[in-house]
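In what comes next, chain A is part of two complexes: it sits with chain B in the first one and with chain C in the second one.
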Partner chain A sequence: MATKSSFTIVGKAARRVEGIEKVTGQAKFTVDLTIPGMLEGKVARSPYPHALVESIDTTRAEKLPGVVAVLTRADVKDINPYFGHCLRDRPLIALDRVRYVGEPVAAVAAVDALTAQEALSLVEVKYKELPVMATFDDSLTPGAPILHPDIQGEGAYHELKKLQAEIQTNVCHHEHIEEGDVGTGFAESDRIFEDVFEFPMVYHYTMEPHAAIAKVDANGITVWSSCAHPFVVRAELALIFEQPLSKVQVLVPYVGGAYGGKSYTKIEPLVVALARKAGQPVRLEQSVPESMLTNRRHSARVWIKTGVKRDGTLVAREAKVLLDTGAYADNGPRVARRAATRIHGPYRIGNYNIDALAVYTNTCPAGSFRSIGGPQSIWALESHMDIMAEQLGIDPLEFRLKNLLKRGDIVKSGAKPMDADLLSDLKQVAVKLDWKGSAKRRTGSGVGLAVGVTDSEAVPVSTAIVRLLADGSVVLMSGSTEVGQGTRTVLCQIAAEELSVALEKVTMHSTDTNVTPFDRSTGASRSTTVMGTAVRAAAADLRAQLIEIGAEILKAKPEQIVLKDGEIIAGEYRIGYTKALHTYFGMPGGELIGRGYCRPGGGMSPIYPLFWETGLGGADVEVDVETGEIKLNRFVGLADVGKAINPPQCEGQDEGAAMMGIGHTLFESLIYDKGQPLNPNLVDYRVPSFRNLPAVFDTILVENQDGPGPHGAKGMGETGIVSPAPAIGNALARATGVRIRELPLTPERVWRALRDKSSK
Partner chain B sequence: MAEGRLKAEDRQFIPITFTLNGRAQEIQVEPHELLIDVIRNRFGFTGTKRSCDVQVCGACTVLVDGQPVSSCTYLAFEALGHDVLTIEGLAKNGKLHPLQEAFIEHGGLQCGFCTPGMILAAKSLLEQNANPTREEIIHFMEGNICRCTGYKKILESIQAAAKTLRQQSSGV
Partner chain C sequence: MLRRFRLEEPESVKEACELLARHGESARIYAGGTELLLAMKEGLIQYERLINVKKITGLDQVKLENGTIRIGALTPHRKLENDPVLKQKLPAFVRMEHHVANVRVREVGTLGGNLCFAEPHADPGTLLMVLGAKLVAERASSRREIPAERFFVDAYETCLEADELLTDIHVPALPERAGAAYLKFGYLERPSVGVGLFIAWDQDAAIAEARIAVGCAGPKPKRVEEAEGLLKGKSARDAASALAQAGEIAGRAADAIGDLHGSAEYKEHIVGVLLKRAFQQISEQRSSKSSR
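Up next, the complex of A and B:
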């Protein structure tokens, strides 16, 4: 593979390759597709958080004119109705009981949506209510009813050393990490600090709700889905419906936002089962309220205890992260694993003892959401850091600089050493915030910092194909899903650079698992790094073929060949790719095919993690002491991206992540009362709008070309979400003296805290 | 609602004429039909996106006589006699509108689901106010949510398009 010191396409502000489609309304999302013979699906959902399903009578619904099929548990007896990539704990439709409000109990396929909707009201279900485990406190109470006595084993994609389901205790996974001796560490500490933080449930709000179309016929199963992990969906459908992978085709049109909410398998098994029964294609287009009860981020309670020397040296840490994983495991076990590392943090601390538990409750299943387990743990960790600094009388910036890991330092045994320059990163953020000048600020105004470092969970497995067509244009076949992050543009840039062709020559289409080669998934900030490596390898394979062919045609030695601007050059002789192909195949057709694999130990290190993803943040806030409202004068985000393949897209990712973080910091919270969701709609659940744009919004990209991906790139786009909450919370504390340990920092909560402080 | 499904003989249809993306249309709609469904399902203009269904997110924004409306909560028959513009009607003869160009150039879009509504709302703004301040843009665009970009690059896209449009209208 060519070593590059100068680039023609990589590192440039290339225009988004699908930009024109998206600004003209041509871009098709799953909800925009119509398949011949397609019916509309609607789902009858449980109104109870926990109940036995005693009987389901579909007689009246089936008789309604226009209804083609009504699916219930009676229709899944000939298949494996359970799914789950970590634990196969989730039936595609309720069997003996329901475990959360919104769980599918019956599904209707009808000629139109109104008919299907009306049929739902004719489905008669008798329930027998069961005790509700509304929170993890309920679930962890000794003697609490067991939510999952019937798990069907492990899923194929948990990628954990072992799943530690403590099923008899409602704990779906228990992650434990420890090193050193915390007892000795605390004994040697001068001060010990202990805090408890709360993090709310939050919802992704992908503007396109979950949607899928399914068709089942003699060719097998075909699914069009707004999903980010089509190859995982394929594997799970194959298992459920007992089909070979080759008979399960998953197609992914444009995806209207994902952020983790469309990771792994969601509604696809249900839609396939409904289409199978109907004998016709069926579309299920969920509403936003339905999608709010399909997946969410884990709420958490984080207990953290740290022993420190008088001079500010960290010595020992104990922590326990309780995560509410809802009714089904989904990605909960992996979220628990990341939460554990993330509460350890990027600081030198030899003695630690950390537990993270994903706990079942009777609420909407929680899964992946941009930086899994990160915002929960780092909200606690970075707030705790400031609390300790204040109590020790040390400047929070100095306290962090004293303890932060340097490049090459061990984070934890067996893991990749720190691969970023956190000290200089943090100093850059502090300079932007005018940290030194901030000491002189008046009450009600302040700045705060936070360091977010996460172990990327990127699994290093991707494959790609690059095809050079007879006219010199290039087709890139890669299973990365374009969810808005710009992966198509970035991968086309990588291929074009390697092949020495203009970016416009390269086209990447959406995933069709029947033709697109395997990719683990789109998520975990892995596409540029891992798929990018596979794409570059495929392009390099093609490049080598071009050199060989060119050498033959130009009668030169391969080492004399140079590829430039679509031409093969040997000294003064040159031939264009098109002509070379025609000569090679002896006709104006033919094509060259390059293939690239990325796997642990083959193109990518087997050591975990592939890289440490960094997302530092600084907030400058103004607090209205009369109303409790927090205004952002400035937010500074910093991401170490290794090499920005497309710098403006990197900025856009970081800004978008930060804004989502600002949302869960200031107002986002999905609220439940005894298992009943209180605000599952966009009126009562507010997300950030234009007015939340900080007056000054800076993004700093650090590029040392030292990542494991193509040209030294490393993943980004997730960790920008973790810093806003602690940075803003810390700024609030410095501005007002009020420390709040529970998100979101709503005006009411801030106002009450201010009142309580002044009344003391 | 659930019991409200009408028998075929009881259904009512209202004839309406209106303009859609510059073309005259004459159709029959039922009283309950929403503009978004008529635009998407009958005319196939799927650039108008459905999301929140409650007039909060702006994804379904279309322009009616130049004013942004949420087509998810706008009854189709009310389009009678009006001029409706969807995103498909914005580019003229294959040439993108300056707002469309600016959104691509300045990273004002990611997943693209909010983009049609965002661009149409911005068009309405710039027709009313050719040189809006940052605060005026923020105020006007409050009804359009984007979950991807963090808004900064959308703001910059609108500012850039405003500049281009001003230059075009002054003949520079």
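Up next, the complex of A and C:
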């Protein structure tokens, strides 16, 4: 594949391929589907954070007219009921005990949802309450009860070198990285700073809560799900129900938002087990409150200590990130792993010693969420950077510029060197923010900066098939899930560009694992880079076939052939793809198939990470000192995207990510009291709305065409979420002199800090 | 999810009251449904029967009669925020209505429903108290007028009898030398604190009448007469300097509850801030009016 300098489709503001379908309400989501004979499922959930399940009596529920099946632990004895892609620690339905409020204890399939709901109240469960590990402090207390005494081993997708729950503790994963000698580093430092920051539990509010339909029959298992990772779900279902992959079919219609909350396996095993028992297809459509108790982001406490020279040179760093992973591991081990690198940050520090621990508690399981471990560690790191700069009497911008890694600098041993121009990126944000002019501001208003750089979690394994049909239209088969991020448009653009056909000629359908080739997952900002590479390779394979066929028909040498606008051209001779196909097959039919693989060492570097994802941010705030309310005058985001395949979509992704970050910065926090969730609903849990948009919202896209993906693209869409919290916290500190170390920055928290400051 | 219930659709107030009398607490009036249905869907409350009063005609009008604005209880918020009579006679009420919940709720939610549901974080009750509103409750054979400050008994509880239907809200038009304001503050979906203020001046620009009410912070909106006393008879300047103390009294009187919306202490503080800002707003409107 030659590097291209001029594009016809890539880099253009192509309209969303599924846009009209969505805005006219024709797009089908899982909840819109009806399968013949389908029953409705409802789930009885634990009201206790930690309890033994002494007995379950389903007699009365089963007798209710309209109820077809009631599933309990008694129904999963013939299968391995545990799942978890990292650690198989989670039963699809409660076995001997429950470990969080909301854990499924029984599930009902009935002729309609109302009957199923009524039956739930007839399921009689006797619990014996156990001591509650409400926080990681409880779980880490010596002698604390062990939440998972018997984990069923590694999951299907652990992909981590060392992964094991620490025996007889509640630590589900402990990540440790170190280099140099921190002792010497601190000894050589002129100043040592130490801070502790807290990050709340937050929920990925998606417009579509989790939903799945399952059917179990002689053909095996079929599942329609709002999942983002259909191939992971397939693998886990195959393990649980002891089926070959070929007998597990996962179909993914449009997904109404995911943000990590639909990554990996969630409700699918339960729905399959229920359908298996009912002998009929079953749909489970969760409510938002139910989905709020299905998955969340890890809350965290971050301790960070840095040694610095008087001139601002960073020398040594120690950090410990405690992550509350809730009742089950889910993606917790990976979150810990990423948090460790992300707290290190994109700065030159020769000596570091970092620990990140995912700790079990009796709360909702925490998993992936847009930039795993990123917001937690970068909130701490970038706030800490400003605190140090202030104490050292150095401008925070200059302090960062002094220490930021330059392109090609080593971040940590064995990892890909820095592949972005962070200094010029940061300067651009500062200019947009009028950093220099901000010194003259009045009290109560100020600007703040933050640099977010994350090691992408992207696993470089994807497969794609491109089919040229007899009429010249193209079918792209790719397992990337359209969750609203626009991946279909981007992948179709990449295929169309490579095949020299109009974008309208290319169609990508939703995933059906029986026909769509393998993809690792949709997440970690990997689809454009990794799947994009596979799609481009598949299209290039098809292109090579067209050239060969064209050369034969036009009696030319392959190197004389040019493909343009759906035609094969050799000098003054030309033939359309359709006609070429007809000639080649000798009938008005047939099709050509191009295949593309992306794997480590095959189309993609085996060195981790594939790319460093950037999300720099600047905030301009106005503080109402009487109420403590923070207003955003401006937010500036910057993402180095390598090459924007579709610039408006990149801007949309970056602004969406920043807005989500503004959510956990100012509003969002899932609150628990002794294991009981206090606000699992959208009235008491506040998601930002349009009225909370910054008055001015700028997004800068940096395009150096230097990424590992197609045409130099690299992943984006996640890291935009990490900068708002530290940027706003830093702006608040510069505006008012108060430094708050706990999110969200609610008006009351700000008011209290202001009051405490003035009373000193 | 919504459980099964029976739907009654009376076509007159009398019929509705008879249904209420017959079914007692197992039935509930259904108007806009924006709060009731939400609570029923969540399974927080359940009724065997809902009495849909939207078939009753004539209860969604706004009329000005002898200096009193009569608002039908079934008038949706959206209509109130756009009503020409209200815009002219009670601009503070229109502003408050414009900020009730969101436009989807305002489109179907009714003023009467809002008052009768008595959700502590609702806005209209607090302002109606300082505007001197009277609520008209009817039963099959009688009717009575209830001053707004006596209407709310507790969170989700009003003084309506089981067979009474709220039909009208009567609000005196704003006198010539008077102003009113309602300000609220919060960061969750619903406000944490709401403050209503009414000020009337005499010919010498002294405050002849001051009414203060606080809502959202506690279980029900409340008039705070003790704080009003601090403003009465004072010039604008003297009143302004008494505001901090009036705010403290109003804050304490709010019966503020510490919850997800904030601590009691913070809510009390916000009452003071809002009272001060409401007074400023009224004063500015007054000076811009007099300068015209």
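What we mean here is this: the second predicted complex is superposed on the first by the 757 of 760 C-alpha atoms of A that agree within 3 Å, B and C clash if a C-alpha of one lies under 4 Å from a C-alpha of the other, contacts with A are read in each partner's own complex, and residues count from 1 in each chain.
Simple rule for what comes next: a residue touches a chain if its C-beta (ideal position, glycine included) is under 8 Å from a C-beta of that chain, and two chains touch if they have at least 3 such contacts.
Fair warning: this is a prediction, and the values are worked out from it, not measured in the lab.
Student: Between chain B (first) and chain C (second), which does A:678 come into contact with in this model arrangement: first, second, both, or neither?
Tutor: second
Student: What is the contact status of A:59 with respect to chain B (first) and chain C (second): first, second, both, or neither?
Tutor: Touch status of A:59: no partner.
Student: Which partner, chain B or chain C, is in contact with more residues of chain A?
Tutor: B
Student: Could you look at A:117 and tell me whether it touches chain B, chain C, both or neither (first, second, both, neither)?
Tutor: So A:117 meets both chain B and chain C here.
Student: Contacts for A:629 in the overlay, against chain B (first) and chain C (second): which applies, first, second, both or neither?
Tutor: second
Student: Between chain B and chain C, whom does A:255 touch in the aligned arrangement: first, second, both, or neither?
Tutor: After superposing on A, A:255 lies in contact with chain B but is clear of chain C.
Student: Please indicate which partner A:219 is in contact with in the superposed arrangement: first for chain B, second for chain C, both, or neither.
Tutor: After superposing on A, A:219 lies clear of both chain B and chain C.
Student: Let me test your reading of the model: by the given contact rule, A:246 touches which partner, first (chain B), second (chain C), both or neither?
Tutor: A:246: touches no partner chain.
Student: Can A:697 be said to touch chain B (first), chain C (second), both, or neither?
Tutor: Touch status of A:697: first partner only.
Student: Once the shared chain is lined up, is A:31 touching chain B (first), chain C (second), both, or neither of them?
Tutor: first
Student: Kindly list the residues of chain A that each of chain B and chain C touches, one partner per complex.
Tutor: 114, 117-118, 287, 681-683
Student: Over in the complex, which chain A residues touch chain C? Could you list them?
Tutor: Those in contact with chain C are residues 113-114, 117-118, 287, 289, 626-627, 629, 666-667, 671, 678-679, 681-684, 686, 746-748, 751-752.
Student: Mind listing the chain A positions that touch chain B in their complex?
Tutor: Interface residues on the chain A side: 15-16, 18-29, 31-32, 114-115, 117-118, 120-121, 204-209, 254-259, 285, 287-288, 483-486, 648-649, 651-653, 655-660, 681-683, 687-693, 697.
Student: In the complex formed with chain A, which residues of chain B make contact?
Tutor: Against chain A, the touching part of chain B is residues 2-3, 5, 40, 45-54, 56-57, 59, 86-88, 90-91, 96, 99-100, 103-107, 109-116, 119, 137-139, 141-142, 144-153, 155.
Student: If we count contacts the way the header does, which residues on chain C are in touch with chain A in the complex?
Tutor: My answer: residues 1, 3-4, 42, 185, 187-190, 260, 262-263, 266, 269-270, 273.
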